[in-house]
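Each of the two complexes below includes subunit A, the first together with subunit B, the second together with subunit C.
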Partner chain A sequence: MHWPHRYSSLWHMIAAPIVWAIHFCTVYGWTAAVCARADAPGAARFGTGLATLVALAAIAWLGWHAWLQWDYRPHDPRLHDVPTTEARREFLGHAAWLLAGVSAIGVIFVALPAIFIESCL
Partner chain B sequence: MRAALPFAALAFLAGCDGRQSVLSPAGRDAEVLATLFWWMLGGAVVLWLMVNGLMLYASRLRPRRHPKHLAEWIIFGGGVAFPTIVLAGLLTYALVQMPQQRAPGQGLTLRVTGESWWWRVEYWPDGATEPVVAANEVRLPAGSRSEIALAANGVIHSFWIPALGGKTDMIPGRDTRMSLEPVASGEYRGQCAEFCGASHAQMAMAAVVMEPENFQAWLQQQAEPAAEPATDEARRGRGVFLAEGCGGCHTVRGTPARGRVGPDLTHLASRVTLAAGVLPMERQALRDWIRDPDAIKPGARMPGYDHLSDADLRALAVYLEGLE
Partner chain C sequence: MTADSRLDAPPLSTADLDDRQPGGVWPPTPAMLAEPTDPHLAAAQAERLNAAWALPRGWRYITAVNNAEVGKWYALAAFGFMLAAGVLALLIRVQLAVPDNDFLSADRFNQFFTMHGSAMMFLFAVPMFEAISILLLPAFLGTRDMPFPRLSAYGFWCFLIGGFFVLGSLLFDAAPSSGWFMYPPLAIEAEGVGSDIWLLGLSFIEVASIAAAVELIVGVIKCRPPGMRINLMPLYAWYVLVVGGMILFAFPPLIAGDFLFELQRSMDWPFFDPERGGDPLLWQHLFWIFGHPEVYIIFLPSIAIAAMVVPTAAGRPIVGYSWIVLSAVGTGFLSFGLWVHHMFTTGLPSLSLGFFSAASQAVVIPTGVQIFAFIATLMVGRVRVILPTLWIAGAVAVFTAGGLTGVMVALAPFDWQVHDTYFIVAHLHYTLFGGMIFPVIGGIYYFYPFITKKKMSERLGRWSFWLTFAGFNICFLPMHLTGLLGMPRRVWTYPGDLGWDWLNLISTVGAFVLASGILIFAWDLIRPKRHQPLTERNPWNAGTLEWAHEVPGQAWSPRSIPYITSRYPLWDQDRIVQRMDAGRFYLPDAPEGHRETIVTSAVDAIPQVAARVTGPAWCTLVAAAFTGGAFILPTFKMYVPAVLCGIFAIASVIWWLWTATARIPEREMRDVGLSLRLPTYVSGSKAPGWWAVFVTMLGDATAFASLVFGVFFYWTARPDFPPPGMPHADPGLTAAAAALLAATWGATRIARSVHRAGRVRAARALLAAAPLMSLAGAAALVGAVWLPGLEPSSHVYPAMMWALVIWTTAHVLCGTIMLAYCLARSLAGRMLPRFDADLWNTTLFWHFLGVTCVVTAAMIGLVPRVM
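Up next is the complex of A and B:
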């Protein structure tokens, strides 16, 4: 598929934090709903686990593509400060890759309580 | 002068060892919290030394260019990897501890209701059909975990006995719960930990941890009706108590006083403190309190009885002093 504005849009850079945000809302909303309506901590934990696996898979996919876009070479200077398409592409890839890392940590931290807390309280 | 400052600071540390201190734990939950605090403090000190040591090294000891590669690894390792791992470890430890902090109690259930500004306390031993009612003091048996059901009347309060465990909010219209497992008998102090109005700071309580057999004896005694006045003056005091309408708000079991607005006074004198942890349980304090509660606890709903003669006030205090 051809994306004419692929490297002028910020959306690809913030895709992973968006996945994190959706995961956060899903987990909190789902847990609140099943705990209030059904007092079912098992369902809350299952839903949290499922949402976490999906979110981590999505972030891994996004992170991999960001890594490719960054085109990292160990001995190159990691500066993307010239107004060229390549610099913009690499800068956005670099930032997206870092944000994917933060998002993965965020998703894991949001999900951690579900592993240990076995009740709805 | 400056050299003396650290020693002056040490004097303040004495405040950490007391009846209302997280740092001198007397309960299972408080022990975990204190341990966590000391580990985190130790970690913070090490981090502080490392960060400032590095700064000293780079700016004073060897102020020259350092290899970029090394600098990048220090930034990534110290700024990304290390905090992520440490925070994940702390979060995991805290999450493992959390369910245990709220483990269900066995045997005794206390029902504590936050009022403005005192505590309504009911003891429900296992299988009880009606509670033993008390106020402004929490007594717990050492060595077992007691369930504590919390409620509030009017505004939000928070129930906290730092030496025994963490705090839990008391919310009007909603039941919250916690449990405490004291390990050492003794006298501690609790405090409302959520701002609840003019006398929030004056809303404290004594928390007494007793050996289980002493606790059972105490609870049985608390279930009894009030002691009969033993002297003429105390009898006169009971007359004043009933004539002034104190029974409209207070209960003294075994008398016509059956009010439920204020604290139950059936065994008032067996408590360690008066007016929810604010005054000592002494005759003069009783008199001061009855004469002008608002001076001691601003906004308190109890009216002042400054129209009573000195003799009546004294007789009333003598009567209340006998309610053991």
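Up next is the complex of A and C:
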């Protein structure tokens, strides 16, 4: 299989947490602006939900590519500790996949208050 | 072999389109590694190498820049400041031991708790990370030194000057007294110079922290030994990379906050004054955007020490390497989403509080993962209870307790109950002792044989541990209860009969037990060990490269830079230590008497350059002294001497760069050993200097973004921003400024290309025109806010516009100096089309600056009119 250059990139590995960060800033900024300027909790919650769906979709896409890059096979040793290009690529894939998981949890956690809290107070 | 593990990887930028490419054999074959070296040749090489890396003697010793020396000074200075801050804590505890005590006056008590927190954070915890990293990272990576040794030395001297200045204020009864987070309006109204000492002194030290972050990030990315791919890097290096990145995004908001705060203190610009449109909450936001990641900036490198000790104690590789990387990176990110949990009681919308509460819960996941990985490693290994393991075990126990109370206070309703009580004091000391003090002391016991080639005492170490551990818990465990019983933080004294008396007395007793444990450690650390035998080379039988050190120590660090194929080379790689000693690997010689190191590619560590490294110098000390003057003198309103100091500081830095950086080498290519030939000069993204500019400017961009955040913050927080009827910036001048500065940016970029193509005269013409355009642009920018009469002390809106303009103008002046520097280098024959690193770095600076200028123009010219 041919692997493009981005599969050796550290930036690629941290793409999912960057999505988390963008989601967090968007949700916080949007809520602050809408609550302060318009006192519109409905709009704040709707925007949060929308941003969350977009973020989760992006993380799922990134996670899927990381999974492919990890190239998981159940019976192989998965230590990624040998000095080969494959081990390095699979290691970056594994780390990216795990980070996608944590980022997805982070996005869901951050979105939960919008389900339960119905006011701007 | 795949394309990305070859020497001649496809070029990624025009800087790579060059005939000076690495050549020869890569990777080295086992037969080449097994070939013996000629002992006579090796002896001659060792002599030359020793001469190149020798420490300066006598009183010139203070000009040394070797990482081992600077790291030791740095660590000892930070430890000294820690002991001083610890004494303050003991005095605080004496005052609080009994009700209605008058051992300290209220004002002195305020100074003491403010300086206790500030010194522990800014003079101990963060600098200690930098010190230990400077001291150990090159050894972990089997390399000779950090990429910019003089920058480390400069950072250290800045830290030392700033530390003495800030802490020394206590002796003159002039120390800051408004708490370590300096909340306005209290800190703004505070009389005397205390607040200014805090703002300027600690900003100065933050500069040193950012310098260290740049150094460490570039060290990890570009100075790994050949073959040490990113999946083989020691875990410590992963943590350093993450923490370096966090410093870049956490410290700049505080620098931006300090900038606004000092403008208000000295010029009465009302950023935090609600009567003139300001808002004290902006400071809280900027402070805690720094302050919460700061906790993890302290915690992660200390837990990284545990990640180095645990595999040695277990006698096997770490379990879950990728999981620990996930944990470090994940914690690094999530820790930026927590800052408002310090502000739960400020009346923000509960929806917003919910976001931060949720993120505060989520960060527990990656933090927990690494603890489980350590426990798993210990479970599957065969554990030897060496002394460092004891301290690491204490760390895990104490930190876990602090983490659990952390989950409690992350819940907003619970926090409303205990906010600003001793419960918080207990929580933060559990996290910081468990997350920092215990692992760091464990790490010092572990690395002491590496650092000094002697061992510390096993018996004193156990005494120290048990006294510290017991004393800590006696002191801080009762504070949970004291807090739940309602005792607020930062009170000078309290009446009896509220149920707090005996709890406080127990805490005070515990504090002294704790102090006795730390004192035993301090004695063991510095007691003379002249008659003690030298340590064996690898006393703990560890697997990582630092234990290939030579006993007695040598200034060159490794005799030759190894080729790495394992995460634990000392366990897995055949006769690696003998081969390193014999000079079998890379750079075993210094034929021209220069200090050199190998620069490798960022991910796969393929050798790219044999780069020169700077040696001992006075200019770092001079630059640090004048930089200190520029920060310290404004505290006492001595603005003219401060400006002069600033000019001298810039002059000494220019002298330093002119004489020691981007030097044109004698030979374009160099044989580095094992039949590998590397270029000796490189510009663009292969060069460590280019990376340093990139990393610095990321931090700078964050500070600028914080100012932009300020504008939008006022817009959401205040109904009268911008106030109706207030004049706006002049549109014509703003547009002219944007056009001129964008033109400078373009001219710089074009100059780089035409210069590389050999059209030196055209490049010089552009480099002569660009500074004129940038100065004209800066003048237009200032005129845009000056001419319409924006009066900064009248309201926060004009003040904020002025702050943006001042920030950008200062940067444009800096960019102008860099352009003039390139022109001068070209005219002096020190910058040629084949040797153009200066111009590449200046262009990169202008990429960032160009964006800053355009955004500033939009923020003053367009955005307020839309608002």
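Everything below uses one rule, namely that the second predicted complex is superposed on the first by the 115 of 121 C-alpha atoms of A that agree within 3 Å, B and C clash if a C-alpha of one lies under 4 Å from a C-alpha of the other, contacts with A are read in each partner's own complex, and residues count from 1 in each chain.
In this text, a residue touches a chain if its C-beta (ideal position, glycine included) is under 8 Å from a C-beta of that chain, and two chains touch if they have at least 3 such contacts.
What you see is a predicted model, and the numbers here were worked out from it, not measured in a lab.
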Fit or clash - subunit C, subunit B, common subunit A: fit
Partner chain(s) touched by A:Phe116 [first = subunit B, second = subunit C, both, neither]: both
Contacts of A:Leu10 with subunit B and subunit C, given as first, second, both or neither: second
Of subunit B and subunit C, the chain that contacts the larger number of subunit A residues: C
Touching partner for A:Ile105 - first (subunit B), second (subunit C), both, neither: both
Subunit B versus subunit C as contact partner of A:Ala32, first or second or both or neither: second
Which of subunit B and subunit C A:His65 touches, first, second, both or neither: neither
Computed vertex angle (subunit A) for partners subunit B and subunit C, CA, steps of 10°: 70
After superposition on chain A, the shortest CA separation from subunit B to subunit C (Å): 5
Shared subunit A surface residues [contacts with subunit B and with subunit C]: 105, 109, 112-113, 116-117, 119, 121
Sites on subunit B touched by subunit A in the complex: 84, 87-88, 91-92, 95-96, 98-99, 102, 177
Subunit A - residues contacting subunit B, complex: 105, 108-109, 112-113, 115-119, 121
Residues of subunit A that touch subunit C when the two form their complex: 5, 8-10, 13-14, 17-18, 20-21, 24, 27-29, 31-33, 35-37, 41, 44-45, 79-85, 87-88, 91-92, 94-95, 98-99, 102-103, 105-106, 109-114, 116-117, 119-121
Of subunit C, residues touching subunit A in the complex: 1-2, 4-5, 227, 229-232, 317, 321-323, 325-326, 329-330, 333-334, 336-337, 349-355, 357-359, 361-362, 365-366, 564-567, 602-604, 712, 716-717
